[in-house]
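Same chain, two partners: chain A is paired with chain B first, then with chain C.
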Partner chain A sequence: MRHVSAQEVRLLILSSLEAQLTAVGLTQTDIPDDFDLLTEGVIDSLGILQLITLIEEHFDIKVDFADLTPENLTIVGPFSRYIEERAPSALPYDP
Partner chain B sequence: MLALSSGFLRSCELFPERPAVEVSGTTLTYKALWKRAASLAATLQRRTPLGGPPLTAVFAYRSPTAFAGVLAALFRGHGYVPLNRTFPPERTRTMLERSGCRALITDSQSVENLGQILEGIHEELLLILPETSDTEGLANRWPNHRIVGSNELDPPEAWSLQPVSPDSIAYLLFTSGTTGIPKGVMVAHRNVRHFVDVMVHRYEITEQDRFSQTFDMTFDLSAFDMFVAWERGACVCCPSQRTLINPGRFIQDSRLTVWFSVPSVAAFMERLGTLKPNCYPTLRWTLFCGEPLPFAVVENWGRAAPRSKLENLYGPTELTIACTFYRWNGEKSAGECEFGLVPIGEPYPGMKAMVVDEGLDEVLPCEEGELLMTGPQLSLGYWRDPETTAAAFVVPAAKNDVYYKTGDRVRKPVGNGPLVYLGRRDQQVKVQGHRVELSEVEAYLRQETKTDVAIALGWPITPNGAGGIVAFLDDTSLDAEGLRNKLKAKLPAYAVPRQIHLLPQLPLNPNGKVDRKALLNILERMP
Partner chain C sequence: MTPECSPSLAEVSIQRNPKELLPEPSLRGLKNRILQELAQWVPGAFTLRVLLHRWRGVTIGQNVHIAYDVVIETAYPHWVFIGNNVQLGVRCMILAHLHALPPSKEEQQRSYISVRIEDDAYIGPGVIILPNVTIGRGSVVSAGSVVTRSIGPMLMAQGNPAKPIAECGMPLNWRTPYKEFLSRLRSLKQ
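What follows is the complex of A and B.
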């Protein structure tokens, strides 16, 4: 069983996107809970899959996104909490 | 011969209170959508500057105005020219300029991008903003254009039906040209009518059906969603760009009965774990088009939507949306797949196919060649570009009809067998004088790795072809060197990828297809 906190996920997301955030004039501390990475132009659908792969590799978990509210896939806070919630029951990352 | 809008108008009479479109949280009944469209059409009729071609631009994105705008152009007797604010503004400006449109309809969300589009356009345009009431600032900003806001629209009753010739343009759709300047494909009313008639009969569409709209209007497959649904009083369900990222819940919440997308969307859903057994029980039809359909996608989708029949459609814009179909059959289809790809099947009723060699002579059954097609869906050619039209629309020897050269390579079937797609003609590259079929390299890559998508490119580009082959896969856990060794056993040395790059995901273009140009850009930036 793995414990992953939403805060850890948030940090991983934002540090991996540092260059993109800087490009739109933002720093990690500017990012509110309801920040939408897609509509704010930080990432596209390709970026989302990269992010998911990064998170799964980093925490060694295989996350099932079927139960995530679709619109929350690109919103930092709810997305991070979903990972936190799912991590304990998740299988190890198996690409 | 009826105009393209005739199906919508008939459904307005039969089903005025049924939903025609669900978009941005709004449901528009046939009656409500008619009112919006007729009001815009009346405004166009009265106020479009004189001169200019019978075309109206619709610069709107997944909004009520996008749908009303398309219908308004048709009601007005014009063809619609879809423009997309998510495209680079310069590209959109080129399309607007090339089309020569004198009127443009836009939604509130696209207004802020309008400035970049209008830059350098001096001819007077009629700009209709049905979602914007305060237009004073905009009128000051663009004094040489005529601006009509929501308060100044003509009433729907002022619209009168315009007769259109079956040969007039229903839509002008820009596709990428080899020279970098987009080519406008002129699709006539009679082309789309034939397509719509074939589809509503084949899929037995009724007013109970609910269609997905995964395609932007700048992709001609969106015309299927709108006009096939409206022909029979069905509803088009248009998700937002955000919802489309992960569309599983949308299929369920919207109780879709007809799903239509590129296969990549299904591959994405599989990655997110949203193709669970029987999770889409409402679907009765699943249609894929726009790129080769991998067998694996069909298998995964089939589990998630077991009640849905599935078809692979094929067709270039020049032949009006789609012109061949292949019905998936659980018993025999696996045996008809080649290189793990589903066949493209047979021509639509009324359409004729030829498979030819480079001299445009028909090849023998079982041989490969370029697919040429003709029939009622053969479009009018390229807008204001007779040279490019003449090069692609040809009369083969011993034939009397004009055929469109698709640039796609297929295998000529034996007897009643299906056409099998083998790749683009221009995906052949010469490496050290040898002809290399990129689709063949890709097929081996998919076979060895069991992945859905693999891309091979000729690289570096040389005057007579390419120095070698490089490949991209969307799985970072693979052993690139081991894979290269396996391919050495399958392919001649010159065709074996010299490098295999592993990315978490391959870049997609606005239409959801793998963006080969973006991959070439990645290669260019590599040291």
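What follows is the complex of A and C.
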């Protein structure tokens, strides 16, 4: 069983997107819980795939996103908390 | 010209009957191009543009969306097949032939199709589709990609040349909430 905190996920996401955040004049500390990475122009569809792969590799978990509200997929806070909830029951990452 | 050298295009045109080189009867060619020009800018992405391309000879299914400034094969529009619920983004270009030589025997058959875009496919803005490819049912081609090889069903492809990068859990059409589509994408392991 793997314990992952929402704060760890948030830090991983934002540090991996540092260059994109800088490009839109933001820093990690500026990002509120309801920050939408897609609509704010920080990531695109490929970026979401890369982000999911990064999280799965980093925490060695295979996350099932079937129960995540699609609207929350690109919002930092709810997305991080979903990973936190799912991590204990997640299978190991299988590349 | 030595026997070993293959003839240049100019030489071929001299050796052949010039009428044979015409890609189509000139009046039909003129009609094709006028309708193509009109279809690029007239309003009616689901209606008038679709109708104009059908008049040119493109096979187009139901509920097809053709955005502004799309070019669909000027000389041989009947070599293009577009299924149902397909979306073509702004300034996409579909090429069904690349050469100036007369059509081959296979290409001369009435049923010949060079570019096939199957049902529910989404072609992003600025995509270029080259001849002899099939874009599978429900596949998505990202903006600015160049499709040089066929893409299987329910895949997202990107780049030049376009390569599949993810599996689509659902088609992307005008009824699909974008985030729901994104939430069902699954990365393909490289």
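In this section, the second predicted complex is superposed on the first by the 95 of 95 C-alpha atoms of A that agree within 3 Å, B and C clash if a C-alpha of one lies under 4 Å from a C-alpha of the other, contacts with A are read in each partner's own complex, and residues count from 1 in each chain.
FYI, contacts are C-beta pairs under 8 Å (C-beta built on N, C-alpha and C of every residue); 3 or more make two chains touch, one makes a residue touch a chain.
What you see is a predicted model; the values in this text were computed from it and never measured.
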Clash or fit (per the criteria above) of chain B with chain C on chain A: clash
Touched partner set for A:Phe65, first chain B, second chain C, both or neither: both
Contacts of A:Glu18 with chain B and chain C, given as first, second, both or neither: neither
Which of chain B and chain C A:Asp34 touches, first, second, both or neither: neither
Contacts of A:Thr74 with chain B and chain C, given as first, second, both or neither: both
Chain A residues touched - chain C or chain B, whichever exceeds: B
First (chain B), second (chain C), both or neither touched by A:Leu54: first
Overlapping contact positions on chain A, where the chain C interface meets the chain B interface: 38, 45-46, 48-50, 52-53, 65, 68, 70-71, 73-74, 95
Chain C-touching residues of chain A, taken from the complex the two chains share: 38, 45-46, 48-50, 52-53, 65, 68, 70-71, 73-74, 95
Residue numbers on chain B that touch chain A, as the complex places them: 241-243, 245-250, 268, 271-274, 276, 279, 475-477, 504-508
For the chain C and chain A complex, residues of the former touching the latter: 142, 156, 158, 165-166, 177, 179-180, 182-183, 185, 187, 189
Contact footprint of chain B on chain A as seen in their complex: 36, 38-39, 45-46, 48-50, 52-54, 57, 63-66, 68-71, 73-74, 95
